[in-house]
Amino acid sequence: MEVLQQIWTGSGLYQITGDQLAMLGVCLLMLYLGIVKKFEPLLLVTIGFGGLLSNIPGVEIATGDGLLHLAYVMGIETGAFPLIIFMGVGALTDFGPLLANPKTLFLGAAAQFGIFATLLGALGLTELGIMDFSLREAAAIGIIGGADGPTAIYVAGQLAPHLLGAIAVAAYSYMALVPIIQPPIMKLLTTEAERRIEMVQLREVTKAERIIFPLVLLLLVALLLPSAAPLLGMLCFGNLMRECGVVDRLSDTTQNSLINIVTIFLGLAVGSKLRAEQFLDWSTLSILLLGMVAFAIGTASGLLMGKLLNKLSKTPINPLIGAAGVSAVPMAARVANKVGLEANPQNILLMHAMGPNVAGVIGSAVAAGIMIMVAS
Amino acid sequence: METSLLDQGVTLMIVGMGTVFVFLAMLVLAMLTMSAIAIRFSSEASGDGASDEEVAAISAAIAQHRKR
Amino acid sequence: MEVLQQIWTGSGLYQITGDQLAMLGVCLLMLYLGIVKKFEPLLLVTIGFGGLLSNIPGVEIATGDGLLHLAYVMGIETGAFPLIIFMGVGALTDFGPLLANPKTLFLGAAAQFGIFATLLGALGLTELGIMDFSLREAAAIGIIGGADGPTAIYVAGQLAPHLLGAIAVAAYSYMALVPIIQPPIMKLLTTEAERRIEMVQLREVTKAERIIFPLVLLLLVALLLPSAAPLLGMLCFGNLMRECGVVDRLSDTTQNSLINIVTIFLGLAVGSKLRAEQFLDWSTLSILLLGMVAFAIGTASGLLMGKLLNKLSKTPINPLIGAAGVSAVPMAARVANKVGLEANPQNILLMHAMGPNVAGVIGSAVAAGIMIMVAS
Amino acid sequence: MEVLQQIWTGSGLYQITGDQLAMLGVCLLMLYLGIVKKFEPLLLVTIGFGGLLSNIPGVEIATGDGLLHLAYVMGIETGAFPLIIFMGVGALTDFGPLLANPKTLFLGAAAQFGIFATLLGALGLTELGIMDFSLREAAAIGIIGGADGPTAIYVAGQLAPHLLGAIAVAAYSYMALVPIIQPPIMKLLTTEAERRIEMVQLREVTKAERIIFPLVLLLLVALLLPSAAPLLGMLCFGNLMRECGVVDRLSDTTQNSLINIVTIFLGLAVGSKLRAEQFLDWSTLSILLLGMVAFAIGTASGLLMGKLLNKLSKTPINPLIGAAGVSAVPMAARVANKVGLEANPQNILLMHAMGPNVAGVIGSAVAAGIMIMVAS
Amino acid sequence: METSLLDQGVTLMIVGMGTVFVFLAMLVLAMLTMSAIAIRFSSEASGDGASDEEVAAISAAIAQHRKR
Amino acid sequence: METSLLDQGVTLMIVGMGTVFVFLAMLVLAMLTMSAIAIRFSSEASGDGASDEEVAAISAAIAQHRKR
């Protein structure tokens, strides 16, 4: 019977390749990490499921007119989804701790060293003939070190769309692994005495400062680095809606329905780049390795800047909060708090670590702006 | 002479970290200036001769009010 | 005066055709059924109003660059709207009763006979020279028997977009008429004794089973019938978000804002296919007739399978719950419960009927996959 | 170093023009009015911020593939955003006061005189050689007098997209300035005795009337003026969802998530038309002037019709409520109430003013329909 | 003969205001008719021989019920 | 030889219903297997030698917990 033949040749059992099976396994692992281990579940569950759908053989869902491919074309290629997420992040972010202690911005700056060191690493692998990355690709890989999902997706979508799947998976995986990656480095680079340092309580921040801050940041971006304006502009817009107090209904929708809807389709769209033929590649493996290096270097440079700042500052600064400068909001700040508590049970660093934590978001958006301007 | 890819990378690293630091340093300056003005303005708005305690109290009250 | 002339020739009174008047009447009837009779109001109100707008003469709203036509092109032609609705249905569906009693899946399978019998009926009318349906058109008409709105819209959009208006109206109308169509058939095909059968209480289902179920279903689809993967994949994704417990904010948005927004535009877009020149056609009449037949046959085959299962099963099975296998969630399950209560006031069948009810959703999505693979 | 050179020539400091600086100032002023003065904050904050982003030099955000330009192309050029906002307005509007006292519709009709007088004014400036407006442009400018944001944006997007920025800014600015513009005119054209008039309490309106009203309005539009059908159709659809009582979940989403999401992107998209090279132009200045005139004339003609109606009507009518006929919902109704209270502290006009207020929305949509039909 | 732009404007103003008034006048008529029917129908539905007071009471009750 | 449209329909009906039944039958098998493993795993996780009553109690407790 022809029809039975057609069903059989159309079936997954007939068409599936070993690579696709492997990718189904990888995606199930991502779902396991998201659901059971609770690692960045909002993204690992959506990306993982998108990856499952994309590796079903013989069905047009992550290609052509399929829903996931449409989401990719309309949301990621245009940059719309990461920018809207950034608006939502702005609406969810309290810049109060940063306003109370602006010098923690330097911690967020230092931690971006991971980005550029990784870029250099990727180019080094190319120089050695092990890999073959262009400057654009190396820049996109480096941004994993920014430890900020939407920034990584935005930059990869602009500079190296064919690597977006690997870069997004690496970024979210390492952000999830922050509680495992960071503590050993923190203990290696700080003394017990440094970890015990208690910090003075943050001052209260006025409403006016909160409202003016996103405008000041935007104007600085406009004057100094316009290529960072899309990312930081949307962040500032979201934050202005949050703080200005007169558009609470817009701010609420941005923090809830809108960011949730976009997260769902962003995750599925990123998942559509996990197709076996694109993802199973040596470059993916090296991206995962380089991403790990990026995180470690970013953490280390944040800590070292923390030690320096502690020496220079009049008020004591616990170097641990420098590790939060990599972003990975709010996980990195929680890790800094936890390691601080281990050394000194009276030491509540959480709010102090939120300053460098959000500074890291700004820092990596600035780095992204430079990458996009120079590499494109 | 063509610059090698690695040289471009080193340049980008130096310029990039430089820009990040310069940008964030200027943001620190801008924030300190802005906060100074905002707090001064708040204290003036709240009556003549507001003492430091009054400023602190107002700040706290505003913060309290924000916790809706 | 030229301008007055222009206003007069532009007015509805000047331009309107009898067909358009008739369609305005049909659409007002749909609104009446939705609002006063509360028949599937979410869809009849939106489709009915979309139909009103589409039959206003001389205005570009359901054609060209009009909003309703844009919604149709972007949401229905691409399949995006029915797939997103299916994701929402997944997020709203509790598969617990099915997991507690998996053999009710056979009831959901049997009830799909209505689909294929109707397909055959449409081809028979063609053979007899009464109508002129192609295989694709017959398949799209048959899916009305699936008693599942988004599945019908998805299949019609893929196989026979010019019949989409009639098929959607038929599907939702008969789903609304379930409480009128099904009871006579149920009483005809079952004995009083059968209707009195009480069923044993369903076992509790663990959280792990609930989480793994959508993944098992997706993998089975991937291996056996990839052409059903878009529909069932989105259903599984929505259900996984619901059950996994770590992305509740995404699940909540999917169940509320997202499904509501898409329902509004889906309804309006379907309504844009109710334009008089497309809708008033003999094929519409025969689609309405065939759709009615499809429902009746689906109900009957579900009931007969219920009787068979009751004979074969160790625990008693009330054949009435077989009628719920047509889907029409949750109306068909409520009808089974009501007819059961009439025969035996202690007989609460509702939860037992939810199993075949959701099985019917899976069953018709599988049938849709076959149709799409074979007929396209 | 080449790279430093590239960063410097890419910076805002190097590229910014005086015009762009001026526009940044204008946008900051809009934010100030929205946030501190609370003038129409939902629109002034979003449009103002969109304007800031659009005037950052050298970055593609309000042009090309930028997010704001995409929002403009997809949402404003197609008319989708203003139509969806109108649906939301319908879902938020209580037509009860209008149903209780239908003759207040005449107040909403009279106040539209501002629209046509302004159109004539724009053509007069052209005749005098001061400006050079076409009929389409004059019609788009006139609609500012409708005092209804989405209507103005919809008409401008259809008839004169290059003036949209100025028209939207004028419309929202003057709507915000209603409490300043209207009272002097109200006091000039009414006597103290007229302002003291108390009106009889409005009768209760049945649920049936509320449900049937949007359908009656739609059918009248269909028969008399189809070119107003997109705007009024979506208004009626939103209102039917609100009143019919069977689709509350759709109505709630329309009133909240959906209208909020669209407001955000509408505001940003309108802001993208505030680029210095488009906005800083003599035509903008004359549009702002003409808009002010439109508001004043609309207010005056509403008041005069109020005086006439008071003479003709059996029950007393306070002419102040005629000023609310310009729309600017609900601000104009509140202003009428306030001025009434000043003359007579027992005089609660608010509900009586809501009738002409929503009548003004219908009236300006009708005027918009005529403009679009005749001028395009 | 070409009509001037201003003439077109005057025509559009007259026709436009005329249409607005005609449209809204017909809407007034339609609403009065509709309300009369709806209230009549409501009162009939609520039993034979409903007095005016009953109609008012029902209307009020419905309005009350609407305030959910 | 061309197959008639009706013949195609009959074939599609037989194959279609067959596929639906085969698919759902395999789903029944997969669900039974999965449930057995999931329940076994739950019971093992909850301590050695869990009795049937314990399994039932745990299931009920989990279900209770789900009703948030």
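General remarks:
To keep things simple, chains are lettered A, B, C, D, E and F as they appear, and every chain counts its residues starting from 1.
Criterion: contacts are C-beta pairs under 8 Å (C-beta built on N, C-alpha and C of every residue); 3 or more make two chains touch, one makes a residue touch a chain.
Note that the structure is a prediction, hence the values are computed from the model and not measured.
Shared contact partners of chain C and chain E, listed by label, are D.
Comparing the chain pairs A-F and D-E, the larger number of C-beta pairs in contact belongs to D-E.
Note on D-E: its contact pairs, compared by residue number with those of A-F, C-F or C-E, agree for more than half at C-F.
Inter-chain centre distance (chain D to chain F, centres taken as mean C-alpha positions): 57 Å.
Centroids built from CA atoms put chain D at 41 Å from chain C.
For the pair chain E and chain F, the distance between mean C-alpha positions equals 58 Å.
For chain D, the set of residues that touch two or more other chains comprises 3, 7, 224-225, 256-257, 370, 374. Along chain F, residues 12, 15, 19 each make contact with two or more other chains.
Every pair of chains meeting the contact definition is listed here: A-B, A-C, A-D, A-F, B-D, C-D, C-E, C-F, D-E. Within the complex, the chain A residues that touch chain C are 3, 6-7, 10-13, 15-16, 24, 28, 31, 34-35, 38, 41-42, 45-46, 49, 52-53, 55-59, 61, 65-67, 70, 256-257, 260-261, 263-264, 268.
On the chain B side of its complex with chain D, the touching residues are 11-12, 15, 19. Taken together, the chain A residues at the contact with chain D in this complex read 78-80, 83-84, 211, 215, 218-219, 221-227, 229-230, 233-234, 236-237, 240-241, 244-247, 249-250, 252-254, 256-258, 370, 373-374. Listed in rising order, the residues of chain C touching chain E in the complex are 1, 3-4, 7. Residue ranges of chain C in contact with chain F, taken from their complex: 98-99, 102-103, 105-106, 108-109, 112-113, 115-117, 119-120, 123-124, 126-127, 134-135, 138-139, 203-209, 212-213, 216-217, 220, 224-225, 359, 362-363, 366-367, 370-371, 374-375.
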